[in-house]
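Report on the following structure.
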Amino acid sequence: MDIEIKNLKKYFGTKMILDIEELKFKKNIITGIIGPNGAGKSTLINILAGLDKEYQGSITYNKEKFNDSMYLDITLVFQKPYLLNRKVYEDVAYPLKIRKLKKSVVKEKTNEILKELGIYHLRDQKSTQLSGGEAQKVSLARAVIIEPELILLDEPTSSIDEDSISTLERVLKEYNKEYNTTIIIITHDIEQAYRLCDEIIFLKNGRVEDKDGLF
Amino acid sequence: MDIEIKNLKKYFGTKMILDIEELKFKKNIITGIIGPNGAGKSTLINILAGLDKEYQGSITYNKEKFNDSMYLDITLVFQKPYLLNRKVYEDVAYPLKIRKLKKSVVKEKTNEILKELGIYHLRDQKSTQLSGGEAQKVSLARAVIIEPELILLDEPTSSIDEDSISTLERVLKEYNKEYNTTIIIITHDIEQAYRLCDEIIFLKNGRVEDKDGLF
Amino acid sequence: MDYILQGLKEGILLLFKLDKELYRIIFLSVAVSSTATALSSFLAIPIGVYLGIKRFRLKGLFSRILYTFMSIPSVVVGLLVAISLSRRGPLGSLQLLYTPTAMIIAQTILVFPLALGLVYNLSKNRGKEIEKIGLTLGARRFDVIILIVRELKIYLFINVITVFSRAISEVGAVMIVGGNIKGHTRVITTSIAMFNSMGSYSRAIALGLVLLLISFLINSIIYSYNKED
Amino acid sequence: MDYILQGLKEGILLLFKLDKELYRIIFLSVAVSSTATALSSFLAIPIGVYLGIKRFRLKGLFSRILYTFMSIPSVVVGLLVAISLSRRGPLGSLQLLYTPTAMIIAQTILVFPLALGLVYNLSKNRGKEIEKIGLTLGARRFDVIILIVRELKIYLFINVITVFSRAISEVGAVMIVGGNIKGHTRVITTSIAMFNSMGSYSRAIALGLVLLLISFLINSIIYSYNKED
Amino acid sequence: SSVQNAQDTSVGDNGSIILATTTSTRDSGLLDYILPDFEEKTGIEVKVVAVGTGAALQKGRDGDADVLLVHAKPSEEQFVEEGHGLKRYDVMYNDFVIVGPKEDSANIHAEAANDVVKGFQTIAESESTFVSRGDDSGTHKKEKSIWENAGIQPEGSWYLSSGSGMGDTLKIADEKQAYTMTDRATYLNLKDKLNLDILVEKDEMLFNQYGVIPVNPDKNENINNGGAQEFIDWLLSEDIQKMIGEYGKDKFGMPLFTPNYNK
């Protein structure tokens, strides 16, 4: 899914948060967004996910305007993981269940992803009782399980331990390759950005300061 | 404030989360706690802050058992920052206000810390409307403003940009020196642990695996 | 003060006397009020959640009007329902006036604004956030509503309790549309009002105790569906 | 159906007629119910918050008993207060029965369990987390309670509205302890009940409308203290 | 559903009638005393809706009741005249009494033990507190006609209007140690709980006549006129008239109502 932003302006009250003349996210690659705190990264990614529609300017997805059916193909992992008040297994299986997949398929896929991200042992624990890092992993699992066209990640590994980070990065790369998933990831870990991303955007004060093909 | 833990055992249900035979945190230094997700780090630090009293074993602070007046000398910055539903200035000033400090002192100290942590420009914004990193900074400001004897920090820089991290680390070191504040910090950033800490504890599966004087 | 002690004693005796009439009254009270609570909650929960997260013009005004209707006096509701169900009223041919069905209708209408107002307010404050999560996971309109209901379950619990408490304790509506007819439409509160007007104070207090006991049992049942740590 | 249309017309006329008696009734209704709401909330908020975050044995049982008392019928409260305040009762020397003060007392007692139950439930679900923040910042017992109240302000708002709606719409308690005495203790709901028993249905409906209008104004005032985006 | 069942458990199988009556007949216990006999004999169930006289008449006008048993003769006659009811029959009477505090500060018992007009005048002159029903009920209407007779327009701070039922009005009078007018049955029923004595009684003017009226069946097709007529025939039958005359003797030492149907 490629995304084109034109003349995007976003205000909170009178404060201008985003002011992007032109920006493209290319299909099927991993794009990183970096920039200081308060730059507007989360605001941007929320808009891209169709969760915030109060902005000026135009955004197209594969040349089309956003429409409600796109919610099925786009997912966002929030900076603050918000998990559902149920067991980890049910939480991760939720997006499949509302897509009315067969029970056996749901089970298989859910267990697979739980194992892949190393949280299978947590499957019967309440989502609301997880440690910070565990919650982030569950929230990532719940997003990739959909095999969406576009995954938006807002600092998805900020509370993850070093060993797990490599696993998660590997999984993301796999998804990107295997399902041609377009991935946009916000991170403060520059090294991670370099490890993971094909392109990196530097955002500051709501403006794109630098947009470089990597290397 | 030095802390001695003896035979600490903590369960959630039947699951053992912490099992620490003996552990000391030395006075006036910065101790780091590292370890994989779900190791029990946050659980431990919550217990140390007097927020969770359901454990077995004994913990002493300067040889004394925990008593309610210690809440005044110990503070904890949570992994998930929880800010108050008011303006940033009011939020950071809150601990001083309930300590009934003179208004002019409150004002001076609050403004000073806001400037020090680079969030003075946010003083009139609602705490609940901050970006992830900004929220973490406010939550840190609110903790150090008390000049407590013991500061417990649960991944306080996980969402902070690189430039700000150096500022925060500098501030923490200053406090440690200037006010003899004992600091215990959980982090997944091993380099940060080495930059900042005098001692590092490695926690895994609820046990102390390694306790090394640094270098 | 004797009345109060006397009422306590009588209330306990009453329950053990296995008086058929009393048990009929208790049964009808519970049946009418829990049906009304269930019906109004059943309607109010999805509608309230939906309106709570929806953005629309004059939402603030709508909120205030809705909250206003929470104060509608039961006598007025009773009167309006009685007029509609009256033999010469528009629904007269159904012959519902002075039947338990009429009482259920009146109580459902009476507590509906309360049920809706409470759910709506909850959803207005908490629903948006949950809606966002739902949308990112591919939930459609209806899924979102269900998701919000499930996430806010422990908060909705007290709403249902509040609605039930309003229904079981009210007297104005059931008195007017039911008529307090012995053996047919007499419930605990209409009996209390009657005993009060007859000067049988201790009996009125005794029935008040019975009502509280019944509420306790019903609350305990709702409560057990809402386990807490 | 005529009664309803007639009632609408009469209600509007009534308000413009500047009838002194009517305005006295409205004023007393508002004064009694808002005082009762304020008093009960003033007591219930700190107590409810405190009990909500406190751990104690049999808390589950306590919750259910508290929720049960939310269903206490107003007639029973009226009766108990009347017995206590009557000349022969323990507080008879105060000569309070059939005065507005008695009405305030009865309504305060009536809505107190509702106010307490709602706050308690809220604090039980949300208070612990806020308490923890407070403790890390050095808040003492009392500071913690204030902090929780301030943090949950927008949720407490609907509780106050609910309590007010219960008070302004109830008739049983004020009727018994007030006596509906013209020019002294007559309020909107007792007038409605009186007109109903006189068969003056349209007048009863008209007064119902007046009551809703008053509620709307009061709700709007409370609402404006609870601004929303 | 089970609720529906509760509605269907009729005593008899010959249908039912709705009797709109005043609270005094129910609260005195009279109806509970006599009605089982009717239901047994005819299989018709009587659904008693006890409300204020005004509301009872209104239910008649609206066709929401089949038969009325009330006590406000002039209004009842007007009701029949306007075609809402078919005919009005005298059933029974009891009487009103003036009650007041034992001390009787206005001294009406001494001066007007059997003269209610004089009694009212004395109360008004001394401005002793008087509690009126003020609810347009049969009792209130009677009271107003007495004031009229006495040539007094009662108003002022001594004249309280309770807008409540008889029981509540008596309680207010008791609390305020004031005078009031009540039907004897309600007074006897509450006597133990009151500190009020009968001060004026047995004046012809205090006669409290109850009448029964079948509602005009032309109002709507749901009115059970046959049942209503059967009820009236039964109520006015010799046996039942006798039964009415006995009710209350054992409990109060005197009957509460005196039957007076005149063939």
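In this document, chain identifiers A, B, C, D and E correspond to the written order of the chains, with residue numbering beginning at 1 in each.
By our rule, a residue touches a chain if its C-beta (ideal position, glycine included) is under 8 Å from a C-beta of that chain, and two chains touch if they have at least 3 such contacts.
Worth saying up front: this structure is predicted, and the values here are computed from it rather than measured.
Colleague: Where each step is a move between two chains that touch, what is the least number of such steps from subunit A to subunit E?
Modeller: 2
Colleague: Figure out the least number of contact steps between subunit B and subunit D, where 1 means they touch directly.
Modeller: Shortest path length, in steps: 1.
Colleague: Which chain pair racks up the highest number of C-beta contacts?
Modeller: Greatest number of C-beta pairs in contact occurs for C-D.
Colleague: Based on CA centres, what chain would you say lies at the far end from subunit D?
Modeller: A
Colleague: Please flag the chain sitting at the greatest distance from subunit B, going by CA centroids.
Modeller: Checked the centroid distances; the maximum from subunit B is E.
Colleague: Cα centroid separation between subunit B and subunit C, in whole Å?
Modeller: Chain centres of subunit B and subunit C, defined by C-alpha means, are spaced 49 Å apart.
Colleague: Averaging over Cα atoms per chain, report the distance between subunit A and subunit C in Å.
Modeller: Taking the average C-alpha coordinate of subunit A and of subunit C, the gap between them is 45 Å.
Colleague: Roughly how far is subunit B from subunit E, going centre to centre by Cα mean, in whole Å?
Modeller: Centres of subunit B and subunit E (C-alpha means) sit 79 Å apart.
Colleague: Please tell me the distance, in whole Å, between the geometric centres of subunit C and subunit E computed from their C-alpha atoms.
Modeller: Using C-alpha averages as centres, the distance is 34 Å.
Colleague: Can you pull out the residues of subunit E that are in contact with at least two other chains?
Modeller: Residue numbers touching two or more other chains: 165, 168.
Colleague: What are the residues of subunit B that contact at least two other chains?
Modeller: Expected reply: no residues.
Colleague: Could you list which residues of subunit C touch at least two other chains?
Modeller: Only 196, 201 qualify.
Colleague: Can you work out from the touch definition every pair of chains that touches here?
Modeller: Every pair of chains in contact is listed here: A-B, A-C, B-D, C-D, C-E, D-E.
Colleague: Under the definition above, what is the set of subunit C residues touching subunit D in their complex?
Modeller: Touching subunit D from subunit C are residues 1, 3-4, 60, 63-65, 67-76, 79-80, 83-84, 89-90, 114, 117-118, 121-122, 124-125, 154-155, 157-158, 161-162, 164-166, 168-172, 176, 188-189, 192-193, 196, 201, 204-205, 208, 211-212, 215-216, 219-220, 223, 228.
Colleague: So in the complex, which bits of subunit E are touching subunit D?
Modeller: Against subunit D, subunit E makes touches at 51-52, 54-59, 134-137, 160-165, 168, 171-172, 174-177, 195.
Colleague: State the interface residues of subunit B toward subunit A in the complex, per the touch definition above.
Modeller: 12, 35-38, 41-42, 79-80, 122, 129-134, 137, 154-155, 158-164, 188, 190
Colleague: Mind pulling up the subunit C residues that touch subunit E in the complex?
Modeller: 24, 27-28, 31-32, 35, 82, 86-88, 92-93, 95, 97-101, 104, 179-184, 194, 196-199, 201
Colleague: In the complex formed with subunit C, which residues of subunit A make contact?
Modeller: Going through subunit A, the ones touching subunit C are 49-51, 71-72, 74-76, 78, 82, 84-86, 94-95, 98-99, 142-143, 146.
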